Amino acid sequence: MNIRFSGFGGQGIILSGVILGWAAVLDGKNAIQTQSYGSSARGGSCKCDVIIQESAIYELEPEHNDILITFSQPSYNAFIKSLKEGGHLFYDSDLVTVDTNEFPCNSIPATDIAFKEFKQKIYANMLMLGFLAEKIRFIGFRAIEKSISQYVPTKTIEMNIAAFRMGIDLAK
Amino acid sequence: MNNQKYLDSLKNKTLFLQGDEAAAYGALFAGCNFFAGYPITPASEIAELMSRELPKSGGYYIQMEDEIASIGAVIGAVWSGGKSMTATSGPGFSLMQENIGYACMTESPCVIVDVQRSGPSTGQATKGAQGDVLQARWGTHGDHEMIALSPWSSQESFDLMIEAFNLSEKYRNPVIFLLDGEVGHIREKVVFPDINELNIYQRNISLEKIDVFGGQRIPPMIEFGMGQRIHVTGSTHKSNGMRDVSSMEAHDTLIRRIYDKISSNRNEIAHFETHYIDNMDYLAVSYGAAARPTMGAVLKLRERGIKIGFLRLITIWPFPIDICTELGKRTKKIFVPEMNLGQVSREIERFVNCPVESVSKIGGISHTIDEITNYISANI
Amino acid sequence: MENKYVKYLRNETLPTEFCVGCGCGTVLNLFCHVIDEMQINPDDIITVTGIGCSSWIPSPYFSADTLHTTHGRAIAFATGVKVMKPGKHVIVIAGDGDLAGIGGNHLIHAARRNIGLTVFLVNNYIYGMTGGQVSPTTPSTVNTATTPYGNVEQPMQIAELVAAAGASYVARWTTYHVFHLKKAMKEAISKKGFSFIEICSQCPTSYGKRVGKREGIDQLLDFKENSMNIQNVSGMREDELEGKYIVGKLVERNRLEFVDGLLNINAQFAEGVR
Amino acid sequence: MGIKRKKIEIEIDERLCKGCDICVILCSEKVFTISKKINSNGYYVPIPSNIENCNGCLICELICPELAVILEKTELDELVAL
Amino acid sequence: MENKYVKYLRNETLPTEFCVGCGCGTVLNLFCHVIDEMQINPDDIITVTGIGCSSWIPSPYFSADTLHTTHGRAIAFATGVKVMKPGKHVIVIAGDGDLAGIGGNHLIHAARRNIGLTVFLVNNYIYGMTGGQVSPTTPSTVNTATTPYGNVEQPMQIAELVAAAGASYVARWTTYHVFHLKKAMKEAISKKGFSFIEICSQCPTSYGKRVGKREGIDQLLDFKENSMNIQNVSGMREDELEGKYIVGKLVERNRLEFVDGLLNINAQFAEGVR
Amino acid sequence: MNNQKYLDSLKNKTLFLQGDEAAAYGALFAGCNFFAGYPITPASEIAELMSRELPKSGGYYIQMEDEIASIGAVIGAVWSGGKSMTATSGPGFSLMQENIGYACMTESPCVIVDVQRSGPSTGQATKGAQGDVLQARWGTHGDHEMIALSPWSSQESFDLMIEAFNLSEKYRNPVIFLLDGEVGHIREKVVFPDINELNIYQRNISLEKIDVFGGQRIPPMIEFGMGQRIHVTGSTHKSNGMRDVSSMEAHDTLIRRIYDKISSNRNEIAHFETHYIDNMDYLAVSYGAAARPTMGAVLKLRERGIKIGFLRLITIWPFPIDICTELGKRTKKIFVPEMNLGQVSREIERFVNCPVESVSKIGGISHTIDEITNYISANI
Amino acid sequence: MGIKRKKIEIEIDERLCKGCDICVILCSEKVFTISKKINSNGYYVPIPSNIENCNGCLICELICPELAVILEKTELDELVAL
Amino acid sequence: MNIRFSGFGGQGIILSGVILGWAAVLDGKNAIQTQSYGSSARGGSCKCDVIIQESAIYELEPEHNDILITFSQPSYNAFIKSLKEGGHLFYDSDLVTVDTNEFPCNSIPATDIAFKEFKQKIYANMLMLGFLAEKIRFIGFRAIEKSISQYVPTKTIEMNIAAFRMGIDLAK
């Protein structure tokens, strides 16, 4: 399964991918994660790809994704074409306007909720991750939570997991 | 924390690491205690990790003013007892060439990581490539041999880095660690070993004043400050290290020995992996990032009933001549997927009589499995 | 009788290959005296050098561990040496072209970094070994092998530059000033941090003959007659100082030495403070 | 009380000297004279012909580019009537 | 309405790729103003630059002939340009790492040679483009991507160094000092010989966030509050000056410009004087 | 004096010149008006002659602070309308590698002389060698092609330098002039031509704003200061010069064009000389200094009735593949006398099926005629 | 004698502005206010809501990192009774 | 014919070889000249080889010389072995002591004569060249004189040619 997270730098895009990839490994799967970063343009769009498979992973840069998660209009525009037929689109409904109905869509106003519920926009990524995990159910929640607690600063583990769980609830 | 304690703290850990990071940890396990470097995409992660970890293990990280200074400091550290390394990408690797030759000439063991990016020149700095394969062999002036290794995964990046240090110590030669931007940047599972179960080659240091530059094919080294008052020079020298810039014999003896110590041990140094070679009509040869989709393609082609074998090179230099020569006799055609315009494929041509076809892709993105599968299907 | 300082040299390499009357020999001589007077065991010295006549002072003549590197890179190599051997005297001796020409960047950064190297730069105002091409210190208007119609560049004031770069100790003397230079060398070696002496030296073969000073002694007499102590030049105009050798100590100050900085951090880890 | 008298011996190492004459010219006491005889290396090695004039300043020893000036001071104690 | 300075930019490259609040943009902005006010035709400008965020000011944004070279080498390339095009304004704009780190040697030698280049060094105290590794100007003790336990090196005082190297014009200003900086840029461009301005600039992304100044404005306010004019600092101790930005003109002097020197010789041949 | 007058003053002169000096005069005849360099044995004579002669012809000589700066200034001068060059030897050539790649990437015509000396590293600085042949091709990072020429006499050094400038202008690529310390330092008779009868390739300069980096295989150039506001970069760029560091297509298009403009014109660029190839059992291939005793040996062997032919390479890169392939089919064995441990011999192996034997000699002194004669006699 | 009155117009170029707020904070006359609305590039472009307070110091125009502040001064001659 | 000039730097060794080589060319022959120079050791021994042939010259570094001219003991010691059987040795009799009688020897106290007759030792090389030219007679005197006048500083042409001619006379 090929999953692409995308958005602006600073939205925690790459962290989401790393957490998911590692969670897949903890769950006994094979996973690789790659990211693209601009040279100077820190504010520009950024992406993070995760490939998760039961078998060994030989392809490093898949042409098409099964899942696209996007947190900004420019990245939506740039990457919607990479989504496979039948692929799933996830997006922040406040930040992205979708102009196609080719794909099954899933959205929450993650950034807004994060700001309202956790006082910091940065938790949007964990909200979305929970939302995604529940909708797709390909990686165990336990593995993801373990991965979260390994990757986020110790002081924020609780908050991040709370956001993740809220994401799950929102998807139910 | 000292080195042993530090490594014990990592024992048997499993981490999700980029190839770059895995290489850096590999170096730490190999006993690297000195890193000098200069930031460059896509190699900076190695420096950053080393700057964070080396002080914990009692080693030293320095950021120098440029890459020339970096390799210089690395060699200085070697003769002062350090196990040392640097990491860069094409532009910095080009700048290091003069002093890489110095390391060959003075037989200074050290590891130089080149995380290859899309060149020539500045090219596409954030994109991976395999364009420096022949530069690794021929980048510096004058006759010399070279050891170069190229991993295809994070785990191998870790494991092979230990091998890189071992080879460099054993053969007293710089080792080029040919990562590519793709393998350097994928994050994958890496399992650390127990340091106590690893085979770490200990530098052969002589405490007496002996001939450090001759007398035997691979002489022992010394360490500065022990009273031998050794003379180390990049000029032609006698076996005691003293300069001799006029005698033909001195040059011939020195250079041929430095050359032969590698080339005559080619088979010991050359690592590779073969798949399906017992029963094949065609052969794919690849390495590093390109080897992954190649492996995928070979599996796919086999499924389709095409008898194709796969030779994955791990050691690039000295070139694994024997296996190529042998397999060349048993195949109708050799396909070489590489992220360059055909560099390893050229070398293979020297040893085989069958057609050798480069399946090249440049521009920063490795081949897809389909691209290779389709290319081979169409060209057999 | 034998000169008691010859024991500091690699005997089999003598007599030196320096030209008759070359100042490099005087620097070598003084260096032996300094080591003797400071009672430093040469086993505790690691010399590092580049390519050029001046680089031959340590390589091959002075008998200690010797790292004869590539042109211009001595200080970079020495940095690796000092970090791994902070207890040793790491001493760089090389030429103006080597350390301040091609190697100028390493020089200023090492000074800035304040790594505990001792650097003796032998400034003979020319690329001696390659046969007399203009160097960064060749005075304006001088004809050299590559400035046949006169040098249109301005000479670098190396000591001043190294001072501006942040060194802990900077001085300039000439090979004529044997007593001052000897004392300065001792100070430089004793000083913690980056210490530097620019030694103005004669090169009769590649430089002297181009300025009408064909013998070593001719340039020595020029040093003698045209040197001014730095304490006496403040306020003098640039043109008044032309042709003068400004000698003396430029800087002596205390700053954190680089390797000490690294060792502090490591110690914090070792002691579990971090 | 003793006053120290110094005995100075000067020799030039034939193997090392290259006859640059720097010692000859810089010795303020004109201790050295230029030799007329070439040595086996092809150089004219100066002769310390006026050692008695030597004031022990050490310039010759320090400045010789070949470490060829060998200068030995022996200090002899001597009783002197005040 | 359109900003009338945008016409000096390559329009298709806008908006810039600089991070939000980056000082590079301000330098670009001021440079446009300067060219406009000096009524210089951009066709008479050749910009030369290296690799780094600051190098993007001329490449691709400012619309003139642009030579985007390798990391650290802009001044070397520019030397060839100026010799062949002495009548043009050859202007180098690049970063601290580029011009004073890897490229430091070219910088000091060009200054010494006094070649008629104008150099604007954008000092953001960090390797910005590669993501925040320590640069030669990073203050001591600052944590960066490669000094996670604090920088143990000393920052380079670039303007002072370039002055010591022999430049004809040297100044230092910050991106906060827009009027002074604009005036200095004009002076630098007008000056015959090597002219140099160190421009202290904010880099919120790779530097600011490491010193608790996450937005561009935070560093600008720091510049505002902690700048001192060079005329008022003489006699102050090093530790009193820590954390201060010493701004103002360091040097302005007249020396033979290098290309003029070459042209003089050629003229002598052309006129048969030689 | 201007250039025309200056060259007229040299018209038809006969001089006794070192290969180095002849190369420098060749450059002046080719219209070189900018030289930036850094002294190094055995190349300094070129700089010294240029510093003396360029001001007479209205050109400029600069001694830079190092070799990196030298090649930088050379490229800066090119884009400012100069015909420019530098000269160095192995250590400096190694240092120049990064910017040589830049010259390839920006298609900046210029000539880089490498007077090869005994390496690696400082080696034996005053001794000649041919150890940088493969470095000339592969010294810089990333995929690129290269043009390299190697003369065997002072006269050819002069003539070939004119060709070097012509090729570099025509193909917009740096040209490596592979002198060796031996040919660089022998003094021989050189006859100058009449400049008016020479074929000097004039740079194709566009005064309008056009695509300087694409659109055709070898686009015209511009000159700075003419109002086109061109953008020249070593990063991957579009045909208008603007940077494009993310698109695979941009990189692929650019790099393949830069590569193909040389490799597809291989036969036009490749110069060589053949002797006795119509009727041969064996073939000797050589170039530069080593080609001279090889020629002597071929004559001697022929006298003894051994049917040996001789292929003297003048162009080394792009490698004269066709002639090698063809002659390889007609010979039992190829002998390659070189002053290195076998560099051109490796390349030949790629194209022939017969045995290729390197007759290598290192240590600074070229082969004697007898050495080659005896070696070949004993090994046929 | 005429005294010059200046008419100042300020606009912010939506295409270029990245909402760094440098102009907002550095304007001593508080001419700009922070927008609450994100623009199509994803930035909050300030609004020059108090142009009448502008003293024409030009700081905003000069310091804007995106050349996004467009400031036009029109000078109107006006007769003023002394 | 392979000729080697040798001595100390500063004795005009290389100039002798260049003049002879160029004279050979002026005389219609093929000639190449090479020289060896130490790196820093300007005072050390130096050599200059000239090969003169009617046919094309293919060998660059002959192993043996037909003629050795030497101006110093160290260079004599170093190069006497390079002389072919039956080769000719020329030397400055004041500066070199010959310890073999394998070869035909020719000597003059060239340096001493130069100092006495021309007030400068530097003319020793031209004296020796004249001496050699007359003894061996392989290059026309006119060609050599023409070559001398092209290679020595204009002001010293006359003196050099006078020394050359005196050398010829001394050989008669």
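Just so it is clear, A, B, C, D, E, F, G and H label the chains in written order, and each chain counts residues from 1 on its own.
Simple rule for what comes next: a residue touches a chain if its C-beta (ideal position, glycine included) is under 8 Å from a C-beta of that chain, and two chains touch if they have at least 3 such contacts.
Computed from a predicted model, the values in this text were never measured in an experiment.
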Chain A to chain C, fewest steps along touching chains: 2
Reaching chain G from chain E through chains that touch each other, fewest steps: 1
Between C-D and E-F, the pair with more C-beta contacts: E-F
Approximate Å spacing (C-alpha centroids) for the pair chain D, chain F: 58
Computed distance of Cα centres, chain G from chain D, in Å: 84
Inter-centroid spacing, chain D versus chain B (mean Cα positions, whole Å): 60
Residue list for chain C, restricted to those that touch at least two other chains: 18, 20, 70, 101-102, 104-105, 109, 136, 149, 262, 265
Two or more partner chains touched - positions in chain F: 41, 55, 61, 65-66, 68, 91, 98, 102, 121-122, 125-126, 233-235, 245, 365
Where chain H touches two or more other chains at once, by residue number: 38-39, 43
Interface residues, chain C side, partner chain E - complex: 101-105, 108-109, 112-114, 136, 140, 149-150, 152-157, 160-161, 163-166, 255-256, 258, 261-262, 264-265, 268, 274
Complex interface listing, chain E residues touching chain B: 51, 70-72, 101-102, 104, 127, 130-131, 133-134, 136, 145-149
Contact footprint of chain F on chain E as seen in their complex: 10, 12-13, 42-44, 46, 48, 59-60, 63-70, 73, 76-81, 83-85, 87-88, 105-106, 109, 262, 265-266, 269-270, 272
Residue numbers on chain F that touch chain B, as the complex places them: 68, 89-91, 93-95, 97-98, 101-102, 104-106, 114, 116, 118-127, 129, 131-132, 134-135, 137-144, 233-236, 245-252, 255-256, 259, 340-341, 343, 346, 349-350, 353, 362-365
Contact footprint of chain E on chain F as seen in their complex: 1-2, 34, 36, 55-56, 58, 60-62, 64-66, 68-70, 72-82, 84, 98-99, 102, 224-235, 242-243
